[in-house]
Amino acid sequence: MASPEVVFGPGKTAEQIALIVERLASSSDKVLVTKVAEECFDTVCQHIHDAEYHPVARAITVNTAKDTVLRPGIMVLSGGTADIPVAEEAALTAELMGNEVERSYDVGIAGVHRLLDNLPRLRQANVLVVVAGMEGALPSVVSGLVSTPVIAVPTSIGYGASFSGLAALLTMLNSCSAGVSVVNIDNGFGAGYLAALINR
Amino acid sequence: MASPEVVFGPGKTAEQIALIVERLASSSDKVLVTKVAEECFDTVCQHIHDAEYHPVARAITVNTAKDTVLRPGIMVLSGGTADIPVAEEAALTAELMGNEVERSYDVGIAGVHRLLDNLPRLRQANVLVVVAGMEGALPSVVSGLVSTPVIAVPTSIGYGASFSGLAALLTMLNSCSAGVSVVNIDNGFGAGYLAALINR
Amino acid sequence: MASPEVVFGPGKTAEQIALIVERLASSSDKVLVTKVAEECFDTVCQHIHDAEYHPVARAITVNTAKDTVLRPGIMVLSGGTADIPVAEEAALTAELMGNEVERSYDVGIAGVHRLLDNLPRLRQANVLVVVAGMEGALPSVVSGLVSTPVIAVPTSIGYGASFSGLAALLTMLNSCSAGVSVVNIDNGFGAGYLAALINR
Amino acid sequence: MASPEVVFGPGKTAEQIALIVERLASSSDKVLVTKVAEECFDTVCQHIHDAEYHPVARAITVNTAKDTVLRPGIMVLSGGTADIPVAEEAALTAELMGNEVERSYDVGIAGVHRLLDNLPRLRQANVLVVVAGMEGALPSVVSGLVSTPVIAVPTSIGYGASFSGLAALLTMLNSCSAGVSVVNIDNGFGAGYLAALINR
Amino acid sequence: MASPEVVFGPGKTAEQIALIVERLASSSDKVLVTKVAEECFDTVCQHIHDAEYHPVARAITVNTAKDTVLRPGIMVLSGGTADIPVAEEAALTAELMGNEVERSYDVGIAGVHRLLDNLPRLRQANVLVVVAGMEGALPSVVSGLVSTPVIAVPTSIGYGASFSGLAALLTMLNSCSAGVSVVNIDNGFGAGYLAALINR
Amino acid sequence: MASPEVVFGPGKTAEQIALIVERLASSSDKVLVTKVAEECFDTVCQHIHDAEYHPVARAITVNTAKDTVLRPGIMVLSGGTADIPVAEEAALTAELMGNEVERSYDVGIAGVHRLLDNLPRLRQANVLVVVAGMEGALPSVVSGLVSTPVIAVPTSIGYGASFSGLAALLTMLNSCSAGVSVVNIDNGFGAGYLAALINR
Amino acid sequence: MASPEVVFGPGKTAEQIALIVERLASSSDKVLVTKVAEECFDTVCQHIHDAEYHPVARAITVNTAKDTVLRPGIMVLSGGTADIPVAEEAALTAELMGNEVERSYDVGIAGVHRLLDNLPRLRQANVLVVVAGMEGALPSVVSGLVSTPVIAVPTSIGYGASFSGLAALLTMLNSCSAGVSVVNIDNGFGAGYLAALINR
Amino acid sequence: MASPEVVFGPGKTAEQIALIVERLASSSDKVLVTKVAEECFDTVCQHIHDAEYHPVARAITVNTAKDTVLRPGIMVLSGGTADIPVAEEAALTAELMGNEVERSYDVGIAGVHRLLDNLPRLRQANVLVVVAGMEGALPSVVSGLVSTPVIAVPTSIGYGASFSGLAALLTMLNSCSAGVSVVNIDNGFGAGYLAALINR
């Protein structure tokens, strides 16, 4: 499993990103740029023709070594609609690393029944990435239902006392359910990367 | 409904508490002392003979106007064993104010099924007090299952990044489930008092 | 009492909101969109003709099942002029849920006398929503004057050491007056929703 | 007006304090030791015979230049019983600096009427020291009733989200009432000292 | 001494401010609007012809009862150039309330000698307003040189670990020099108002 | 792989722990009690004879289903001597769950060479648990050397600006090395449990 | 060694900066303006013709007393690409003060080997400035390899739980390697200035 | 200059410390144990006869390679009496590393004149260690008077809003005086060590 080269988009100009991607793509067959707008892609694809833009994940990928067989076992869940870009960043990262990723983006703790309906699918996964903002309780609830590693991703979605994701982060770190570990706020890439490492 | 006079125990000597209770009991038929050790009660009951000690809630009550009929409608839930003293403080307060209180102390989000088994009882209540430490996600999950006011009580139970209840407090304030409001960390009394006001 | 479907406006485009509202309005007769600008409404009302915009609350409502009789008992208070949008969001939510809401937006703790003049009206309510920014002391003062549940809403109004509403939030959580519970900063919707649940 | 020499008690042994007081008393006719237990005084008074202990303020004073005429104009208010030691530290400091200090320790915002009964006395003062823990709203309410400088003293009294006085401190800094300034948490000495400077 | 009516500018449109000022000016002879841009004044002065704009303080005043004799005794100091707007807001407020205000804006703790050169002027004042950002140490140093009340105003000037004025605020609250009290970050108005109350 | 039942020791009396362990051991063949003193064990072993005490990890285990073959693949690293109890808690948990655990407790970032000497062993593991207090940089450095999942455990070891482990926690969450996830401060159990889930 | 006059750019208009620089340059032969855009320089160079712009450091310098011999001994390291502007600000400051500065901007703890390759150069320096954002661990790792003073500069580069450089700042303050001291977040100037003082 | 081996005392038993010192002393001729009580020394000196206890610094040293000539150039300053143990820890560390250390422990910003009296001595030093608690402003004031590197050491001395040294730490990091760098709260050892590195 070859790891992709990764470029963190924010704070870089489209021109800078294009040059970095060009350089990385010359020595690596997988490049990922995270958290960039579509305008950035317009510049990048003038340099690298086989670059692809993923509008929901807000990411650019270059993948010249398309894996022929994808490894199943990773599932990505998220609670709110607003958490989907981070969830997609995680899924995309894991896919780029050769995994087939199942998604379930319509589950939230305010509707536990919907989560229970997904239980058979949840229990088939080798590793779960669970993305949630606001109170960030979804990973704990999910982890209580399975005996699989859960990678919890707090998002900055929320307002007021969410303090840009701090509340969700603390919730996840204090999970009363064993088997949960946490990555940085909005770090979909890190979660997807780790899921791929675990799923080997 | 007569409201009790309340004495916050911590930081006062047994002798001081006894004098305050004696004074309050002379003009009010209901007195509550919160968060006191049994040794304190030994001193108090030398002054006020009909005082009672509640070891789990760690509270003293004086109730000379025992209500003949208790009003049903309040239910108190808690997640972990260590949260029970705060839950009992809430229940005791509501009882002292003339309510019959149902308790369910064996539910936690790590075992959502147990919570679902309690659903019929939950849905019969007029108001729910939900007590939780650590990640404090229980009130959100409960609130998603009912259409009843939920009073959330964070507790200081936890360690590390729980920051003495701050994590649970933030979780509850960010609840993605409408119908949840929050009182101070470990404030079982406040939750029980408010539940009684709502249940009138 | 049918609960409305709610859409949190910030972070969504007008087009996205219009689509969500359209979908929700097809299965629910009450929809509420919070914290949106009038421009957003221009788009939404092209899709849903009976949508209404409430400029002070900065909210859109769709209400095809207008309640014939409104339930009295809810009063909303606020201190400063700048807190009124949050107060109106609370009032509007409770109205949408079938309640008649009294408002008193000219009371602040810097002029306690004005508050005392309102006392008879305050004491007639079943539940009070009290909205305040800056030092956030109004709910405590109000709660000391009544024996009614008080739902306290901190706002992000303030500067410097208000830390975007944190100061008001802490003040309310530490209220020395029993009967106060707190919702998230600027969460007028949550307060109005809870008031409606309590007022049933 | 001679300013006293001041010794901050905590973290020093009784023996160390006695030696410091002895040295200071040899060159100054007014010495104040703050926040010390009575046991400490037992040691100190073996060295300095005209030292006095003030059990409520938990302070030691040496005053060999007793002022013959005390200057009126300072009033000290506090909300809760537990705030009285800090209030007394303020009052004692101002007295040691030649002022006559009025006290009103039975006022709290949960009972605004009691505060209003004190209004004529409040309005006669030149400067008010207002001491409060928990939500710390008293200085704002008081300041709204007078046009006198108000020195606000937050105390560490409270629990949970009071964060050892931080909540009261923030409340006071965000006062919507002009004329309020703030000293450090539990700093009764600083408030009394400043009141004496203002009252000259 | 008539207190001015005050309008906190940020978050209000020029049109809103103009209407508020017009209403206030009809019943009060002194009105102050803080923290507004010159564009706002262009709108306001179309409604109230005797309004004045103060570009450094970024404030609008209406003063139809010009005091014939100004009371001396207030001095305003600041450290850095960037702190001057807040210092001017304080000075302007005190002037509007009938005081003559001395200014010294070229002193900073990095050059203690310049401060010492000002000592005679400092010691003549009845009350000092000391404005400082970054590490906020100026009030402590000044207070050590005089026996006059010092009102400390932290500013949001700084970067990194200044946390928008929090560092300066904490410094001032912890002043080891008695006689210092503190107002909110950037609250020049509050400091000037309080100085005027003390200087009566 | 049977998961152990776990009891969090702090805040419970020896007698309470003994009763809980007795109850759990009747239905589960693996019980773990974390963060308890040897005195607690003296009480527990009077009830459950095959309980064992692990003085470094400060843990009690009951394991009546000793695994015959242990699964290799987990390695636990720690930096400072003071971090070893948390590291041992992780190792012990993984062992109780049927794993053979390699330990390397003499590596710290202040001596990177020692870490490099361990490289071959590090690269053989399937999953690494890396425990560190103070600045908590060890997991990032380790993760940069391997392509294995790294579970980072911040400890509360440190002083001053370590804020009881907060500094180490933030360091780990911000790791610039992909493949790192984090558990709560001092949560050796959680890390060991998760490592066992990953190592299946 | 003459120290430069320094102007902190942010919050000042180009016109203001030009005037300040003009005034300073008339009495000092070295002036430095930090954190300014190129547009600002366009204005400045109309006033001072020998001003120079440094696009990476985003700084303007005026140096009319070009040192003939530069003193070797200072080395500046940084981890990520995004940290380079701060690193360059440090290097430029030290150069302006008469030093020859070595740079190594391609080292990061995720690739310790690259750091080790630089070891001989590192060990030749008299003082090292080490700039890092995100988890900020580079100064500790570097300090463990040398016995030279290390000035650590946290940067605001990062996201989520980096809290604008707070995480890196805490990491550096808690360094387990003696010989490290820390300056404010993004304070390249301060680090370069201090390095020059040490290198004399 | 041989660096000493250092043992951080807190959290270790006297017996553990004795064993560690014994081991270190067998291979190094300089050992330092910080922040230990005299009782600990009683145990240590039974193992290592040439160990010495320094009661003010609360440190143990073993120095079998007494330097014959001490290098002048380091000066240690502190503000309050309570800061002296940390200042002495710094001085002792530098002495152990072969330096002659000048001390000035009677200077504080509340009495700037005393500091100015010391100016000639201050300006002779090569490096200054400045220790201060409470508002922590001393390093900035000192640095403004000299052109020498200043190592600032915040102490945990203070109460209330000092937050155990956080206020002093932030003050020092925000110093408006270039030439100041900061070590961890109470880290006298780190400051002394760094001073010795600079003074070589």
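Some points to look at:
As written, the chain order gives the labels A, B, C, D, E, F, G and H, with residue 1 at the start of each chain.
Heads up, the rule we're going with is that a residue touches a chain if its C-beta (ideal position, glycine included) is under 8 Å from a C-beta of that chain, and two chains touch if they have at least 3 such contacts.
Note that the structure is predicted; figures quoted are calculated from it, not measured.
Looking at the partners of chain G and chain H together, the chains they share are E, F. Of all chains in the assembly, those touching chain B and also chain H are D, F. Interface comparison, D-E versus A-G: the higher number of contacting C-beta pairs is recorded for D-E.
Centre-to-centre separation between chain C and chain F, using Cα means, comes to 47 Å. Distance between chain centres (mean CA atoms), chain C to chain H: 56 Å.
Rounded to whole angstrom units, the spacing between the C-alpha centres of chain C and chain D is 40. Once the centre of each chain is set as its mean CA position, chain E and chain G turn out to be 35 Å apart. The residues of chain G that reach two or more other chains are 160-162, 166, 169, 173-175, 184, listed in rising order.
Those chain pairs judged to touch are A-B, A-C, A-F, A-G, B-C, B-D, B-F, C-D, C-E, D-E, D-H, E-G, E-H, F-G, F-H, G-H.
Interface of chain A with chain F (complex): residues 3, 6, 127, 147-149, 151, 169, 173-175, 178-184, 189-191, 193-194, 197-198.
The part of chain H that touches chain F in the complex is made up of residues 10-12, 154, 156, 164-166, 169, 184-187. Residues 79-80, 108-112, 115-116, 134-137, 140-141, 143-145, 158, 160-163, 166-168, 170-177 of chain B touch chain A in their complex. By the touch rule above, chain D contacts chain B in their complex via residues 82, 157, 159-162.
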